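Presented sequentially are two complexes of subunit A, the first with subunit B as partner and the second with subunit C.
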Partner chain A sequence: MAQIYKPGVKLSSRVCKTQIMVLRIPAVELEIFCGGSPMEVGDPVALKELQGENNGTLVGKRYTDESETMEFLCTRGGEGSISISGYKIGIKAAKKLPSSD
Partner chain B sequence: MNIYLILQMAVEAMGEREAVKLNDYSITFSELNNMSKSVASLVKNKEKIGFLSENNLLMPAALFGAAIAGVEFVPLNYRLSKEQLNMQLKRISPAILFTDEDIMVEGIRTIGTNTLTFDDIIEIGYDSDDEAVAVELFTSGTTGEPKSAVLKHKNLMAYILGTVEFMSAEEEESVLLSVPPYHIAGIAAVLSSSYSGRKIVQLPNFSAQAWTELVIKEKITNAFLVPTMLKRIVEQYSEDLSLPSLKNVAYGGGKMPRSVIERAMKLLPNVNFTNAYGLTETSATICMLGPEDHRSAFNSSDILIKRRLSSVGRPIPSIELIIKDDEGKICLSEELGNVWVRGEQVSGEYKGIGSKLDSEGWFPTKDRGFLDNDGYLFIDGRADDIIVRGGENISPGEIEDVVRAHPMVEDVAAVAVKDTEWGEAVGLVIVAKCHINDREIIELIKRKLRSSRVPSIIKYMDELPYNETGKLLRRVIRDNFAN
Partner chain C sequence: MLTNHAQNYANQLLSDLGIKKVILKQSDHPALAYRRSGLLDISSQMIPVPLASHADGALLALKAISQNISKLPICGSQLLGERARIMGLKSKKRKTAGGKGRLIDTDDGCIALNLVRDSDWDLIPAWLEADVSNWADLKSIAKKLSTNHLLSRAIDMGLAVGKVSIPNKPKRWFSFKEYSKANIKKPLILDLSSLWAGPLGSSLLGLTGARVIKVESPDRPDGLRFGNRKFYSLLNENKDCVALDFHTKEGLEKLKFLMHQADVIIEASRPRAFKQLEISAVEFVTKKPGKIWLRLTAYSRDQNRIGYGDDIGVSAGLSGIMENLYGYPSFVGDAIADPVNGIHLALLIQASLYKGKGGIIDINMCDVLRHAMGELDLIKDEILQEWSSISGDDSIPLYEMRDISGHARGLGADNSVWL
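For the complex of A and B:
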């Protein structure tokens, strides 16, 4: 079900181990999928079958749409891919700062 | 968001990597996770977790363990007097305290740092309340009584997510940590190293020799130093120092003398130096002068570029920074004023005092400084250290810079002294290499600055009082003049 998400919210996949954390998101109704099934707010529920084509998620990577209106941090990797209807979601290139501590 | 997420992700992606090493003992991220869970299971009735010890393998476990248990981690300064320490312990009671000291304070349950066993790992759920406090740190109190700054999970996570890429370190990378656990840099190092996957090698008792030997022995790639430490290293190894493994050195925690960083760059030409400016209240670094900035300043003949070696760099992308005058008007570039910052990592909150943020979320750092035309920040000193002579604001920094340039001056500090005519006047303390005539100093200040900057008293000392992380204790100097 489409809903408005807030930064800091944890989402869990229903098809694999994937978990993501919302870092930035526009205040509009969205439906966030992983492996073809809507993601659950909070901790994971019983697993369903993977649907569609999936490249998986990688822990520590940031995922964003083409115009970077939203950003998610993958906190646990899995086999499903993140998708949101109307947006193209992919891995955000890392911008590395010098280490300061 | 809870800082324990950092360790959870590290365990999942690189659980068998070495996380922390002290002498010949090291633990992996998985082992650190088990230790942290053991620590968390000790907590009863929301006791805080105090830590009164030099750095050891237990320190990161106590930090993450407190996060799992949903209580504050409170590292304490083991160099405080018994009286000061007991006062701070009363302020954090009830708490578990990891220590090997003899402590008798009501509500403080002490546990030896070597007595903990890690056989019974209890799986417990943890809280991810954004507003919860992760760390309580007593500020260094260079200008007054120490305040207790609170850093929430959301502040520390914003700092890590804003500055570090997950697992960006190569497996052989390691950081030599010689700042104590009660310094914000010591806390930040645990979090950013765990997130980047860089092994921490602990050095509890810094000396220039122990540090260089450990860099060689452990093939250290990264290090964080306070200015005093770097000064000792360049003084001891003034001619020849070969540290082939060392690639990155970050420094901060106090003002870096330009002569020290210049000597360090000459001594270690292959090392990337980064100046990291931040405060306890801002969850560590808010501005950085990166390696490229260092090199271009070092090699430039343009005086405005060259002086950037004394700058703390530019704000990191997740931080906004402005300079305002005492009336709240935004300063032009080159105009000295008060440094204000805003960003998710900025806490600006103290226990028992509340938040110091203004209605728009800006935090007054109480540091004075200015920006150059390209946005590089130069820190002049603390606002509390300003000398107000007959209504005129005098910054100690400008006098100190002039006097320090005198060839016979080793170190110098200017502080406010009581004056019947002007309210306050300038008191000057000099550490001289050999005898200097007062008149010479007075003439120098008159010539380079103006007569209002001339000290009413000059004292000579064998050394200035610094705390162990290299901060000048102006309060002690002021007290010395008052007596």
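For the complex of A and C:
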């Protein structure tokens, strides 16, 4: 079911171990999928079968749409890919290293 | 005023490393080493922890097992205040010397949050689940949340945080898994690490005669290149610089080629980084006798947690000790975990070369720093008074700075030599 998500929300895949955290997101109704099934807010439930073509998710990587209106952090990787209808979701380039610490 | 603190720590380190050598060399009293290294100026307050002397001890141990020691620094504690002295930095109790980290009160305690990159601020709304973009708002929201809640979410997200508390000293400060034996005379070191701890370690080894290649990715070079030039050069002069894009097939093959040639690999990446490149440390160390692979992480590998010198200093207990002594927590030194780890890292590699043992060495910055702080039996008001008066009466100039006139090589400047 489409809904409005807030930054900081954790989502779990229903087809694999993938978990993501919403970092930035527009305030519009969206339906976020992983491996072809809608993702659940909070901890995972019983797993369903993977659907469609999947390249998987990688822990620590950030995922974003083409115009970078939203951003997700993968906190646990899995076999399913993240998808949102109307958007093309892919890995965001790694952040630069800091110039001091 | 000379004491045995440094020599005792050096002998303990050598014994931990299985090296039968005994060092007899008295060094400056810990309160003097703390002052003369610049740490007292940076932190404004004395801390009765012999950390500066233990840095001296770690360097004494390194000198005891190195062939050429003439180029090494005069003492280990000299390295602790180096960046702050070059750049004129001072910490402001609740603010790091570098200026990007703060101590933040929570509902039930205090944490350090180190937002070293401006882009780290992008994570704050998600971390706090609130629209926050400045320290004032951040503080007022964090005050209502528990330390554990804030820490666990920050760690999940890859934010650098540390809890103000005083952890116990770890039983071991490194782990070593031996895979082979070989006597390597002039080692070739491939340093894939960046910032301070790893590069300092490889530079110390370079000063003892090792050949060092610094490897960077062209789209993600060592961030210190864009910081203070003199400090960057101090850590990286005399290194060959190679730049490789690990995300292309060709770049990855070239990286593996260099990694196979090297006798020592130093890396400070997250455990998943090499996994995602399908590079296994075991595969490399088993292919060349005597090969050493050192993995440096912020905390133990299983925690999968990032950290920088100042927030790790908090996690290791320095700010908790200050809170006990002065009634409020404060930062100690400038990214203190970095230089302390750099010396220990160099010692570990030199010890493996000295013994002719190849294998995988794991160290984490929090445990090494906590180990170097020693037993905390000196944290008493009377010792604080004594050490404060020793340093207060000291009018000798600070340790002479190392020569900062060198120039490090540019990104990928030596690609044609090595690829």
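Descriptive notes on the structure:
Keep this in mind: the second predicted complex is superposed on the first by the 99 of 101 C-alpha atoms of A that agree within 3 Å, B and C clash if a C-alpha of one lies under 4 Å from a C-alpha of the other, contacts with A are read in each partner's own complex, and residues count from 1 in each chain.
As a convention for this text, contacts are C-beta pairs under 8 Å (C-beta built on N, C-alpha and C of every residue); 3 or more make two chains touch, one makes a residue touch a chain.
From a predicted model like this one, the values you see are computed outputs, not experimental measurements.
By the touch criterion defined above, A:24 lies against subunit C but remains apart from subunit B after alignment on the C-alpha atoms of chain A. Of the two partner chains, both subunit B and subunit C are touched by A:59.
Shared-chain residue A:92: touches no atom of subunit B or subunit C. Put simply, subunit A uses residues 8, 21, 23, 59-60, 73, 75, 94-101 to touch subunit B in one complex and subunit C in the other.
Listing the residues of subunit B that touch subunit A in their complex gives 1, 5, 8-9, 12-13, 128, 130, 154, 161, 163-168, 175, 185, 188-189, 192, 196, 198, 222, 224, 248, 250, 252, 272, 274, 276, 284-285, 288, 290-291, 316-317.
Residues 8, 10, 21, 23, 59-61, 73, 75-77, 94-101 of subunit A touch subunit B in their complex. Against subunit A, in their complex, subunit C makes its touches with residues 83, 98, 100, 114, 116-117, 119, 122-123, 125-129, 153, 156-158, 194-196, 219-228, 270, 272, 276, 308-310, 335, 338. Interface of subunit A with subunit C (complex): residues 6-9, 21-24, 58-60, 71, 73, 75, 93-101.
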